[in-house]
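Listed next: structures, encoded as structure tokens.
Two complexes come next, and they have one chain in common, chain A, joined by chain B in the first and chain C in the second.
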Partner chain A sequence: MLIERIDALPTDEIGGLKVRPGKPLPFGVSHTPNGLNFSIYTSAGTACTLVLFRRGDDEPFAELPYPAHYRIGDVFCMVVFGLDSEDLEYGFRIDGPHNPTAGHRFDPSKVLMDPYARLIAGRDLWGELPNWERNYPYRARISFDDFDWEGERPLEIASEDLVIYETHVRAFTQSPSAGTKHPGTYAGLVEKIPYLKDLGINAIELMPIYEFDEFENSRIHPESGERLYNFWGYSTVGFFAPKAAYAATGQFGMQVDEFKQLVKSFHRAGIEVILDVVFNHTAEGNEHGPTLSFKGLDNKTYYMLTPEGYYFNFSGTGNTLNCNNPIVRNLVLDCLRYWASEYHIDGFRFDLATILGRDPWGAPLSNPPLLESLAFDPILSSCKLIAEAWDAGGLYQVGTFPAFGRWGEWNGKYRDCLRRYLKGDEAQVGQLAQRVQGSPDLYRPSGRSPATSVNFITCHDGFTLADLVSFNDKHNEANGEGNRDGGDDNHSWNCGAEGWTEEAGIKALRQRQMMNAMVMLLTSRGTPMLLMGDEFGRSQRGNNNAYCIDSAISWVDWTLLESNASLHQLVKALIAFRHQHPALRVNQFDGPGSNLFPSCSFHGTQPWSPDWSDQSRQLAWLMSCNLPEPQRGVDAIYVATNMAHYASWFHFPSLPIGFRWHLCFNTGDHEQPCHPAEPALDDGGILVGDRSVVVLKAMAI
Partner chain B sequence: MNLTTSTHSGWHAIHVDGQVDSKTVGTLRDYIDQDVNGSLPVALDLSGVPFMSSAGLRTLLTLHRRTKELAVDLALVGLSDAIAETMRVTGFYDYFVVYADLQSLPPRS
Partner chain C sequence: MKLTIESIAQDGYHLICLEGDVDTMTAPDLLDALTALELAALSELRIEMAQVGFLSSAGLRALVFAKQKMPHASRLVLVGTSTEIADVITKTGLTQAVTLVASHDDA
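Right after this comes the complex of A and B.
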């Protein structure tokens, strides 16, 4: 027999509603028998009021001060009965000292959003001008956490087998050329799954999808009159809620279901979903920024403050989240656990992750407890954890990020070296040899493996691949900051003309250079990452920091898929090639190699004799392993790169009788770079054109 | 929201008229709990529904579960394009067999 629980009934009445003392955990809102439990933490706040709104109303229909005995430690908790959870929006008022120099900014006139809000209303349509006078702009709602996954689970693809594709939800399908029914949304992205599956990538990394304010620092460009936004979204409003305006159903408050359907659809296509998460700061800015949540809940707990009560700014955006405060640490952990368990997310990439390793006063910790907690968390144990191992405060930890055997890293050194080699800089071949084998110089000493290194040549931050080979300098005028923003260390080369040109020789060279970059990236050990649209030559017109641009500059132009078909075909073939050849994905340094060759060896125009001199612009690598059962045999891939301005004959490493080198790719013929593994014309070697790359594989005759 | 019922081509047709959201969904849920008993296949006629909230869509899934348990067929009839699209992008659509109108229902004896 079902016995009714005592706590299914109220004990008190406040503000016209039936209530009873609640439970402190979990924080945020949880369902209890017949009611909803509202739990909120504040250490320095002295009183708390629960504020309840009907959906969309400016004025609350009830305000419920928490009685003293509804407080346990620093947590106010109350169960409220008889609420219509779908029609409800809720917030809190916290009273306490307003003494900024002591770090306290309590203001009970503000209604504050629950930092654990799982569904956030108020800004449901992208770019719709908000009412700035509204007292409670971002409005916490109650989500239904009852999605039917139908047995689907995270894919758990090994890191070394991943090919990651970095994308931005809105930029990917907002252009009319995308031809999607729901442009710029989660649903629009789902419509492109067949394209991504055909391309062959098996992980998609989404730039921030946590609720953010696209109007943060929004302004009108003084010349073009175009509105500039926080387009990228690296500034979180709510860590537990998917951005409503990215959902085709956001105006119906169904973004939670739509995003879960996205993850389910990607998983069914064999593609993992990795989230780019921003825990280093929030959208509340510094002392001049808005008070949305943390600032009014417990400013001193959530933010790193100077002794005078100002905000430390290691993120370059106004404030810095106090990640190694135990309360904030738990918030981050709760958040990631929620996304891993409730949304089946496969991995996280942490923006400016070194901030997570700073102590509350900003000093780098040698053993950061947050990074350790995440590395050993039981719920996150199969999630990829990837660090952007630097921050705006000058801490650069590529190779030294406290990894606890778990963390991968965006390898900024890979990017810089590959770019410099590609454009023909001198003194790069030595470092290139390290980079293409998974950067053992960075990762071997600490016992890490090649897949620690997320290899990339381009990402959202900086030039696209097409711009990398078309511009010497950034052209960020559209950002409205006089071209002062964005990095200057692009290591780019325009191949002879700045920007758009009709000169056939330059265009051909650019094509070849893009192909060279893709071949080197996809034949390197480690985890390769591509930037959306680079596989068909997406351009941002020389803008290397399009963080604020919501127009054709940022949007993927899908007509390029046709005009750059040969590049797209090459990238697709290269990804398939990578999946077919385990020698490219060996995830150990000093592996045993194969019956024919060492695991990884380097060569020059003469086999076994690479030219390591500063003037050398040629290097070949040969990666090999024995094939596992049941195939058996040997996998051996030879990649010869020639970034010199003249063609050279590369003599092959010799093969035993019964084997021959077969040509798979040659970027020297940029119109037809893919070859169906045909025997090389000469058994002894191959002519590698100027600024060209060839790939061959050893095959038994 | 109004509910009426009829028998149509051997189907137990439930006609819903008006918005289905958290305020009205209780009536539909109560009806499902009390009157869907497995004697006939169920056709939920939504041609008079202009909007269905998240709570409404969840009740459709409840109905799906209930008819599955009773081993009777369930069909949705006359879904508006907007509701159908919302159901598609949130994953609800795949659970259902949908007909354009009552006349399209295959006759059941």
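Right after this comes the complex of A and C.
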């Protein structure tokens, strides 16, 4: 006999709607038989009202105060019957003390957004000026989360096999040169999958796609008159919702489906999707910022506050989320579990992650509970967890980030060393040897492996690769801050002229330097990461902090794909080469090596004799392993780098009879840097040009 | 704009002709018309879309809902869908539920 559940029926009527006491978990909105369960947490709030709007209306059609017996612990929960969930927007009013020095900022005149909102309306079109007077600007809606994945699942590619490509949804296809039907959107990015697949990368890392406010700190540039935005999006409004204005279907409220379709399409192309997540602060700013959600729900729980009730600012952006408070910790866990399970996300990169390891008063914890929870979470167990292991409060933890055997790191030391070596700085070869083998100096003592290290030379934060070899100094005038913003420690070299030049020699050197950087990055052990467009020389005109620029400075210029075709061809060939050669992807320090060579060895112009002196600007590395069944045999890759201003003859390490060295890449050969035919070299060595890199592989005759 | 719905049993398939906008107000009418059919026994459902100017997320959801009630090997065919609506269907990954054709001859 089929018995209908009695909780499918209402018990009370409030505000003209049928209701019954709800369930405290899950937080946010969930579907129940015949109704919707609205659950919201506040520890210091004294009363709560559910506010219901028809889609887009300024005035609510119903306000439902939660009766006292609808509160369990600190959670207000209520099931409401008979709602049209397609046409519904909801929020909360919370009453309680307004005493900022004690940390409380309750204001029942504000309608607050559900921190667990999975679909957010109100700001569906990028750059459309909002109505600042609106009482409830970001409007929580009901998401069905019933996408048909057709059996698709996350790819679970091993970290050491990844080649990550960092990109920004809008910047990637907004330029007309992208030729996409839906510029600047998730759908536009999907249109570029064939390009990315052809390039050979197997993971994209998306700069923030959680709902954020592009108008946060928006202003008009005093000279150019251009509007400046929060273009990058490192300031979250809703942790559970994809940004509506990044969806071509955002105006129809279909961003959830469009983003899931993006993930599904990438997975079908064999490419993982990693999200750049910002849990260190929110868009509510400091005491002068807007009240959107957390501030009015339970300010003291969600934010780190000084004893006087002001906001700690370890993020450099106004406030700091109180991540090691158990309530916030659970919010972060719930959020990541949701994205992993509901969106099939393959990994997360945590912006300013060391903040997540600070206690509620800002001191670094030796055993941060949030980082530990994430490392051992059952739902996140196959997700990549990557930390940006520093914060704006001065805590730098590259190599010492509490990893629990799980966390990878953006390796800032790799970036700095490779840049300095590339420009010919003294005293870099010793450190370079550590960096290219996966930074054992940083990661071996704690039992971590080379793939812990996400190796990169450029990322969104700083110069692009083309700018790294074209500018000595930052040129951030377009940001409207008098060129004071952005880092000064760029370790860049303009090759002889600042910025744009027609000088052929300088242009050729820049081209070679970009190629050198790419060769070294893609022949290093660890997980390489490329910045969008660097494979064809994208420039930001010397701007090393284009966080606020929504114009051609930030947008990828796809015409460069043709004008810098040889660089693109080289990067594509290098990525393919990396995928073909397991010696470059060995994920252990002190590996057994191969029948011919140790796992990783270093050489100079004479084999087995690297010059470690401070004056040395030459280093060769040889990486080797035995090939697994069924191929058998040996994989051995020799990379000779010469950052000196003169050419040098590099003698190869000798091979046993039956093997020969074959040339694969030579950046010093302007006409032909790639050698797909892999000609054999019989001279016992090769002339490596000034500021050039050569790559060889050993093959059986 | 109002939505008119005409439901006609044809030889080998069932045809629903739509004229107007399928929005938040009218999507429930479409859902009613679809659930009134014996979906579990239908091998093909065709929807005449040429006169539809707008299809909201609720309308799309009604179509996917109908397809899920139909037998596994059945077809839900949208005939003459406008480029704009077809675009939304493609971007949101609903093409696995529906088949888009230009005319009845292509169905």
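One rule holds for everything that comes next: the second predicted complex is superposed on the first by the 693 of 701 C-alpha atoms of A that agree within 3 Å, B and C clash if a C-alpha of one lies under 4 Å from a C-alpha of the other, contacts with A are read in each partner's own complex, and residues count from 1 in each chain.
The rule is short, and it goes like this: a contact is a pair of C-beta atoms (placed from the backbone, for glycine too) under 8 Å apart; a residue touches a chain by one contact, two chains touch by 3 or more.
For clarity, every value in this text was computed on a predicted model and none was experimentally measured.
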{"item": "Fit or clash - chain C, chain B, common chain A", "value": "clash"}
{"item": "Which superposed partner A:D58 touches (first chain B, second chain C, both, neither)", "value": "neither"}
{"item": "Chain B versus chain C as contact partner of A:E258, first or second or both or neither", "value": "both"}
{"item": "Chain B versus chain C as contact partner of A:H182, first or second or both or neither", "value": "both"}
{"item": "First (chain B), second (chain C), both or neither touched by A:D683", "value": "neither"}
{"item": "Which of chain B and chain C A:T249 touches, first, second, both or neither", "value": "both"}
{"item": "First, second, both or neither for A:E156, with chain B first and chain C second", "value": "neither"}
{"item": "Partner chain(s) touched by A:D148 [first = chain B, second = chain C, both, neither]", "value": "both"}
{"item": "Footprint overlap on chain A, comparing chain B with chain C", "value": "84, 86-87, 144, 147-148, 181-182, 186-187, 190, 248-249, 252-254, 257-258, 260-261, 264"}
{"item": "Contacting residues of chain C [partner chain A, same complex]", "value": "24, 27, 56-58, 60-61, 64, 87-88, 91-94, 96-97"}
{"item": "Chain B - residues contacting chain A, complex", "value": "21-23, 53-55, 57-58, 61, 85-86, 88-92"}
{"item": "Residue numbers on chain A that touch chain B, as the complex places them", "value": "84-87, 144, 146-148, 181-182, 185-187, 190, 248-249, 252-254, 257-258, 260-261, 264"}
{"item": "Complex contact set, residues of chain A against chain C", "value": "55, 84, 86-87, 144, 147-148, 150, 181-182, 186-187, 190, 248-249, 252-254, 257-258, 260-261, 264-265"}
